[in-house]
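Letters A, B, C and D mark the chains in the order given here, with residues in each chain numbered from 1 onward.
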Amino acid sequence: MARTSILATSEQAVAGIEDGSTILVGGFGLAGMPFDLIDALILQGAKDLTIVANNAGNAEVGLAALLKAKRVRKILCSFPRQVDSYVFDELYREGKIELEVVPQGNLAERMRAAGAGIGAFFSPTAVGTPLAEGKEERTINGMRYILEYPIRGDYALISAHQSDALGNLVYRKTARNFGPVMATAAATTIVQVNEIIPTGYLDAESIVTPSIYVDRVVQTEARHYTVKGAR
Amino acid sequence: MARTSILATSEQAVAGIEDGSTILVGGFGLAGMPFDLIDALILQGAKDLTIVANNAGNAEVGLAALLKAKRVRKILCSFPRQVDSYVFDELYREGKIELEVVPQGNLAERMRAAGAGIGAFFSPTAVGTPLAEGKEERTINGMRYILEYPIRGDYALISAHQSDALGNLVYRKTARNFGPVMATAAATTIVQVNEIIPTGYLDAESIVTPSIYVDRVVQTEARHYTVKGAR
Amino acid sequence: MTADTSTRAPLTMDQLAAVIAHDIPEGSYVNLGIGQPTKIADHLPKDKSGTVNVILHTENGMLGMGRKAEGDEVDADLTNAGKVPVVETPGCSYFHHADSFAMMRGGHLDVCVLGAFQVAPNGDLANWSTGKPGDIPAVGGAMDLAIGAKDVYVMMSLFAKDGTPKLVQACTMPLTGINCVSRVYTDYGVFDLGPDGARIRATFGITPDELCAKVAALHR
Amino acid sequence: MTADTSTRAPLTMDQLAAVIAHDIPEGSYVNLGIGQPTKIADHLPKDKSGTVNVILHTENGMLGMGRKAEGDEVDADLTNAGKVPVVETPGCSYFHHADSFAMMRGGHLDVCVLGAFQVAPNGDLANWSTGKPGDIPAVGGAMDLAIGAKDVYVMMSLFAKDGTPKLVQACTMPLTGINCVSRVYTDYGVFDLGPDGARIRATFGITPDELCAKVAALHR
């Protein structure tokens, strides 16, 4: 992957995303959600998107705003239904969005497999359940497993805490969640960070996502939301 | 895994390792080699061991000393032959040690699979080579892959830079190598560290091996060797 | 076993949480599922220094999760699996989702406590979907958690709102996992699941005979 | 293409290293295999500030590897894949072996340069074992490297000590990888491997016709 581009605006960061793209969107609920990149993507106009994310949006910010703008054809996620997922719920009930539910750990591991060049792997998760229907099963050493395939993105939109000028990333607390995995699994990884710092200022031992996985970085104002009604 | 034990001596740390055990031994060449744990293991006396490591020992320290003491029945490794692997070379030529050569990346990924509960995975490495003979092959999306199974240890002996009192670990530079992977893949993980520091003094964002993977920790004097003749 | 089988009344969910908390061995690594099981955190035993010696895992990427955050402690970047803001404990660590679920799938956690719609004596668990048409399916980490610890416990009311037992001879709702639950904690009793089916470990406010009469999946 | 096809003599390995270094695009992530390819690092182009704008990966767990360490710089915890002590560069990062090989296997590196015993026009590579009985087999990361970058280049002398070409119609030695090499750099010429076989890209101290006469695997 060629050297990371540091861009001035979120609009530049999401430039060129084509209609019909598969986009991995970081975040667990609202922690780690790349709000500015998604807002820029809405302005950019790409439609007919397939989104891979843990949830299907909260309230009307971030991913929910993209759904509300009717840009998403299909979503692969583990947990669409939440206290404040009314945008998704309505689209789904009206048949205006396709849903594929993937257990959370398989979702993460399938993206990891894409990034790690693994062709497929046998997972014990979901064995014997409706989500294993139609999937290849094998017993290995007396344990039952389901064969799972990689999930790749054309793009990943994620957020991180800091980037250096090379594109090395560190995250903050549980906002790390899917970011480091998605960064490895997309052809083009686009990151919004709270801060860009000079190269050499991040501890080499503590870099979570090496710059090789990062294509475009933009610094944005940190926006924080918590899920209303979570308990 | 119950709470990590902080032990006073390497002898205590390796207590109870049974004859015939499979032991994952950290290190790449001599960087990250758990010298004190191995010396203690030689004194402890366990024999008929299967060792999983990247190399088969350098000069007569660390793993080479264990081989020289004739405690190892079999070694799985990627690169036994080195400029200073004469202890192994002689045992091998005399038919006194069994060797299974595993490509380095598959070695790491197979231990990762053991730690991650993956039943098996399709790897593109070694396809069409003698090391794929007898292994299951499958073409996925036009690419050929070999099915690889987890490698588990009864014990892992690794070294790290620092541990806190809970057993959280950080490593130092490329001495990190196999340590974090082996820690996840063994029933009992035993770690020698340069320093034990109070809990709360490691940055939560920078902990590489969480304490859940660590069973026993001992602080030892750091010993550093470089491979003579490496170029 | 700590629960007094001569309890006068069924337990409240808070009392049940305390029973479970007491049964979790010191030093354990534990994941408490969303919903009722999160209550267990408030009852974990403390040592003389006031430290809880159980380390909580939250599957969104943390070991050493602390209590709910209050007021100024709230940090949108630090939540539990239910998306509730929480605090750190000393020695906590963060990791990404693939590493977090590898930790569960690899069998490194000691105990996981989950809610349930139905459990069967063979350890089958149904807790992610009622299977009703029109429901939006959402599994989250439920299927990973169901196989994600050495011991998987269920915490639930023994009877559904319509009075039918949730410990059933065979689950009729969509399964979350098979043969995965080893113990069931309910307001009326605690049951160990094993090769011989469900064995009564304790009862609360009801006799074993009365319980067996009401719950077909139980037998003496 | 930079190599002057009218070179008077075959290149030394150092000259060849310079040719390869010049062909590696700025901004690339590169792994240089043990042996001759490590020489390439000394020839990577520098920008006005003297910075090398190629980031080196070493499979033992580092991006941003620097030059060999000298004197007091030697740190036993910091070596390259050949176990030689090296130094850091600004912005370097460390990771464990599973992550390091995931980076290669996943196709994230731009270029990998490897030594070879034999290469065939179909991209097959033999570089880990001569196949002689009595040799101790040792593969290291060779098979991972062979499939570990978008472009896998070979750097080798074109002829073995006995004068036979190492670019062969089909490898006779044990394979390291199949269809994996895209370009071969040798002291006598550079060859692009593709669907039509090996195409001469440059020659050094020899004419294309002379080369084709000596190397059966080549044809005009």
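Side notes on the structure shown:
The definition used in the following text is that contacts are C-beta pairs under 8 Å (C-beta built on N, C-alpha and C of every residue); 3 or more make two chains touch, one makes a residue touch a chain.
Computed from a predicted model, the values in this text were never measured in an experiment.
With respect to chain C, maximal separation of chain centres occurs for D (centres as means of Cα atoms). Comparing chain pairs B-D and B-C by the number of C-beta pairs in contact, the larger count belongs to B-D.
Averaged C-alpha coordinates put the centre of chain B at 29 Å from the centre of chain D.
Note on chain placement: the centre of chain A and the centre of chain B lie 33 Å apart, centres being C-alpha means. Chain centres here are Cα means. That of chain B falls 35 Å from that of chain C. As a whole-number value, the distance joining the C-alpha centres of chain C and chain D reads 55 Å. Across the assembly, chain B contributes 109, 112, 116-118, 123-124, 171-173, 204-205, 208 as residues in contact with two or more other chains. Multi-chain contact residues of chain D, defined as those touching 2 or more other chains: 88, 94-95, 102, 104-105, 147.
Applying the touch criterion to all chain pairs gives A-B, A-C, A-D, B-C, B-D.
Remark: chain D residues 25-29, 53, 55, 57, 63-64, 88, 90-95, 102-110, 147 touch chain A in the complex.
For chain A in complex with chain D, the residues that touch the partner chain are 1-3, 112, 114-118, 164-166, 168, 184, 199-200, 202, 204-205, 207, 210-213.
Chain contact summary for the complex, chain C toward chain A: residues 58-62, 74-79, 82-85, 88, 94-98, 100-102, 104-105, 124, 129, 134, 136-144, 147-148, 174-178. Residues 28-32, 54, 78-82, 89, 92-93, 99, 101-109, 111-112, 123-131, 171-181, 208, 224-227, 230-231 of chain A are the ones that touch chain C when the two sit in their complex.
Of all residues in chain A, only 109, 113, 116-124, 138, 140-141, 143, 145, 149, 170-173, 203-206, 208 touch chain B in the complex they form.
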